[in-house]
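I've put the structures underneath this note.
Common to both upcoming complexes is subunit A, partnered first by subunit B, then by subunit C.
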Partner chain A sequence: MKTHVPDVGRGHRLVRGLGSRRSASSLLAWAVALVAAGITLPDIVGWALVDATWVAEDRAGCDPAGACWAFVVNRLPQFAFGFYPPEERWRAAVALAWPLVSLAIALGPGFRRRAAVVAAALAFYPPVAGLLLLGGLLGLPRVPTSQWGGMTMTVFVGTVAFVAAFPIGLGLALARRSSLPALRLLGTGFIEIWRGLPLIAVLFIAVVMVPLALPPGTELPRLVLALVGITLYTSSYLAEVFRGGLQSLGAGQGEAASALGFTYWSAQRYVVVPQALMAVVPGILNTVVALFKDTTYVLVVGLFDFLSIVSAAVADPRWLGLATEGYVFVGLVYWAFCFLLSRVSARIERDIGRGRERGRSA
Partner chain B sequence: MKTNVLFRLIAGTAALLPVAAQAGPTLDAVKARGVLNCGVSTGTSIGKSTLDDSGNWTGFEADFCRAVAAAILGDATAVEFVPLEFKNAFASLQSGSVDMLARSATWTLSRDAELGFEWAGVYLYDGQGFLVSKASGVTSAEQLDGASICVTSGTTTELNLADYFRTKGMSYTPITVGSPDQSIANLEAGRCDAYTNEVGGLASYRLGLSDPAAYTILPDVISKEPLGPVVRQDDPQFEDVVEWTLYALVIAEEFGLTKDGVAQAAATTQRPEMRRFLGAEGEFGAKLGLPNDWAVKVIQATGNYGELFERTLGSQSDAGIARGVNRLWSEGGLLYAPPVR
Partner chain C sequence: MTDVAVEVASLSKWFGTFLALDDVSLRVPRGCSTVLCGPSGSGKSTLLRCLNGLETWQEGEVRIAGTRVRSRPGDLVALRRRVGMVFQSFHLFPHLDVLANVSLPPRINLRLPRAEAEDRAHRLLAEVGMAELARMFPAQLSGGQKQRVAIARALAMEPQVLLFDEPTSALDPESVGEVLDVMTQLAEHGRTMVVVTHEMGFARRVCHEVVFLSDGRIVECAPADRFFSDPASDRARTFLGQVCR
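The block that comes next holds the complex of A and B.
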């Protein structure tokens, strides 16, 4: 379809300069946002930048006219690494940076087998980052999970739960569409149970009720129990996303594959699943964004994630009354993460689209 | 309330499971683990449990956890602090996820009777009080006749306030709003003469005022909010340990034993009761399943009750709460410990 842009003088050139109607509409959205914000923009800049204090020992050292970012600056190591011992923080830093670097690679310039590199980086993350954080081998001092926290906790829980939930979710989606009634029932039942419970209840069951059923004397770290709970919960959501992709394909693909002599598993592996996954990239990323924000529920089971460690810091008598700074910081960080994820999704979609066009012209 | 139903459900379910029927496993579990799991606030309880810049737990309740760890393990640092929201705290205790709670839990009949818990004494006698500006010149709640008073709507504080003024035959105008923040703003703007809430809470909200020093908490307390450590009901041995840790703090103050002086006193004292207490004579620690010098370790960890209180909540702290009834019985307070013999 041809895009018709009416001639409105300078605006027209501006719009044409940006290339497409999509850019024009996003420009409009920005303009509206700026006009709405324009009323208070000088106030915001004044508070957040001009009058802000960046270096101070406590609240008394901050200029009351502006934001007291010194609070955030002083607490940054705690926000990032929780209670991780200072001399071992490089390990937490690696565990924190790893998923971010993987995402950056996914966003960066393309190279051969980039997707495979990113997938491998994520697949190896749970065991490697887990052992790195825990230590106790290769000369690394042991750091119990109770000392993990802050952004490291948020990123670790989010990434591990996603990576672990991905294959489980795929398995569940295939089970739910299986021709074997028992398997179908099992898959459907699992999905409906875990998806039907609120995450907060899942965590509560995992950490409060599960230990009651374990033999007395067995103590599992709360983090492990929480991870299992979040993983099962996320896998049931992902399973339904995957099922959507599988159903969008139609039976023809699988039938054609088996007509060509593919077994069930190789048909799934080479024909059905890759196409199904490509169809549901936005749905997967949507689940990831929701998961990332939901990780904050681990506070229910006594683990300090990023948000709760900032909430605690806000109540420190030395910094009391700085809730605005604390929560603005939390909001910006969460937004940046989720925006990064959404960019990755857009990039993957574009790459897939390009691949399809190539396929069509060939 | 919804959360109450949840507590009961969880506690009830837990009571049916076999683990809850075992007697006395907590102390052994703590010793085997080498760490006490202690449930505290999520770092939001000023003066009781907050996090400092370097991530250390500070405050009265955090230090009480350390005292119990020192009694059992001889090491005040052997505590894993588990931050718990109030609504999950009791369930976490019931499940064994924590060994005890030091989390500002008010001891009431229904909680004691209906949940499977035991309060191992009272470490803070809190209660509802009033925050007023120093400029008003008010020094006692009895002078508040005809005053307008800020109060949070729908809470027991509203009820206590009405009861108090009716009992005293005084009148007042309630300025009812939804949250403590708004009440503090109203007080600062002069829309009310006093703000009423629990004294511990008032002390912390006061710090959020632009000039906290211009406001003071009246000495009067109009309701009972006894706060204490909570343990599981099925483990009387562990309850004794927590209870006697609290008594040790009180006895230490009675004997004038301080954090710095206790080691020397243990070595040199000739007073029989002090010798028994500090483990120089008899086997009193063993009766609790503890090392004989348990009391020395407790006092070295946190100081005596007075030192602990003044450092975290009292005159040497930001909150600056007066000791009030949290004084020794011999000084007109409520703190009283049974003898060690």
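The block that comes next holds the complex of A and C.
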């Protein structure tokens, strides 16, 4: 039965709403925000846009009243690709654009099997992008890892560490919940050890101590050692996120799968893990954002990521004193990337929600 | 092939020091439906879960269609593909729609091609009156609808024995009837079923045999007619007095 609700009218509700205390404080907040913006924005806009210089040969060519973006523009290729040989930069450009394009696909218009396409693009990234950057086959000249750098290095390290840490973290989470005590102990021990160390210490251990343990004569590039360290570190964080998802399921789902004749692995694959992952999408993306920012630590082991290459450029005598421009640019780029990731998270959550709704209209 | 679908011989099970099943022996002939009843905590669920190896036990033996159930993982998986189970709280897979809930088990576990598994799922969903709702998600269904999908899902593995653990206890009264109708139909088609239920009307009308458990022991095992008209033990009489009001 349908009950008739008298039409109170929008305007009436609005007036009542304005009178409430909640709206009063919200008005106050807006007023404060506007005043603050009015005080600071003109200066910022004047410096960053109105008086800014975009094209110049060096510092002297810049208008001292505004930002000297010419510095950033001049150095952009280096910020993006580090010391990668200029004639080979297309390879670095592919390695840099690949994860960004994957994210754009995840955010763009939907199509059938989009999730599978994005997952495949990420899964193939580490070996393909690694070989592409390194070269030495298919007629590509070899470029040693010591020449990699800039945004490419940051995106490469972040993406490879995430893609490699994902299955390891999942394995660790399953091990930690295993019914076999030895496996449980192993999983728990591994997670607690790596999670208990600061990333800087992990990197030093990877780069300084691991070579001591390797047979003499073997030489691994620092980048590989750092990647291993970051991957293991990230996998222990992801493992705990996944474990939260697994625990949110309860025993019923696993039992139902067992009772239908699923093996342990197929039950995990088709029933348990998909639900656990869906439950912790925000936690996963949160870990990715933290990982992406943490890649800046590779500078302590002598790798030139985006932040350290900008730091080096700021010390260039021709562009001396432009630290503000350099670091504002760094901040904007990191912020944009993390914002993109949080949009992806929101999008996935919405799609999952809609998946649950699907059929309601059918 | 033997005509005994389920055979339990001198089964004892302890949870720690608590004796949950005490020397239980039971036979279910093929094509018969058996009701397990008894007071709460008497071990009905535990016994049922031993029949498909969801619980392990310490003494005794379980045979399904003549094959001994042993708790080696590979054997258990093979066994569970021949024994279906329907739970009190459904346990449908919430991330899959109704069709996928029913077609996934044969697709993965019997390696049926997708089209064939989905044909089978459509047929079974029609059988339980859920054909129209194949594209819904579990969260959109009523309790009775969920349980009918769960029955179709169990049937999709073409099991030789179907186990039901209080399939109507989590349902609102209007939904109980629709699930019992489906179960009645299954029993009349000669399915071998072991049903834990407090629906004594259903037990009396549909099932062949009643097993009455109390404190982990079988107190009485009798044809349904006789159990309801003339229970042999005092405890069964008291129980019937309480359940049938």
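Things to note:
Everything below uses one rule, namely that the second predicted complex is superposed on the first by the 323 of 362 C-alpha atoms of A that agree within 3 Å, B and C clash if a C-alpha of one lies under 4 Å from a C-alpha of the other, contacts with A are read in each partner's own complex, and residues count from 1 in each chain.
The rule is short, and it goes like this: a residue touches a chain if its C-beta (ideal position, glycine included) is under 8 Å from a C-beta of that chain, and two chains touch if they have at least 3 such contacts.
Source: prediction; values computed, not measured.
When the two structures are aligned on the shared chain, A:316 is found in touch with subunit B, with no touch to subunit C. Contacts of A:274 after superposition: subunit C is touched, whereas subunit B is not reached.
Within the superposed three-chain model, A:261 lies in touch with subunit C and out of touch with subunit B [touch as defined at top].
Within the superposed three-chain model, A:105 lies out of touch with both subunit B and subunit C [touch as defined at top]. Of the two partner chains placed around the shared chain by superposition, neither subunit B nor subunit C is touched by A:94.
In the superposition on chain A, the chain among subunit B and subunit C reaching more residues of subunit A is B.
Of the two partner chains placed around the shared chain by superposition, neither subunit B nor subunit C is touched by A:131. The contact sets of subunit A with subunit B and with subunit C never meet. Per the touch definition, subunit A reaches subunit C in the complex via residues 252-253, 255-256, 258-264, 266, 270-271, 274-275, 278, 355-360, 362.
For subunit C in complex with subunit A, the touching residues are 52, 54, 73, 76-78, 80-81, 83-85, 87, 89, 91-95, 97, 104-105, 108-109, 135-137, 139-140, 153-154, 157. Those residues of subunit A lying in contact with subunit B across their complex are 64, 74-75, 78, 82-83, 144, 146, 204, 207-209, 211-213, 216-217, 219, 222, 299-302, 304, 308-309, 311-318, 320-321. Residues of subunit B that touch subunit A in their complex: 10, 13-14, 17-20, 22, 25, 29, 33, 39, 42-47, 50-55, 80, 82-85, 88, 91-92, 94-98, 204, 207-208, 210, 317-319.
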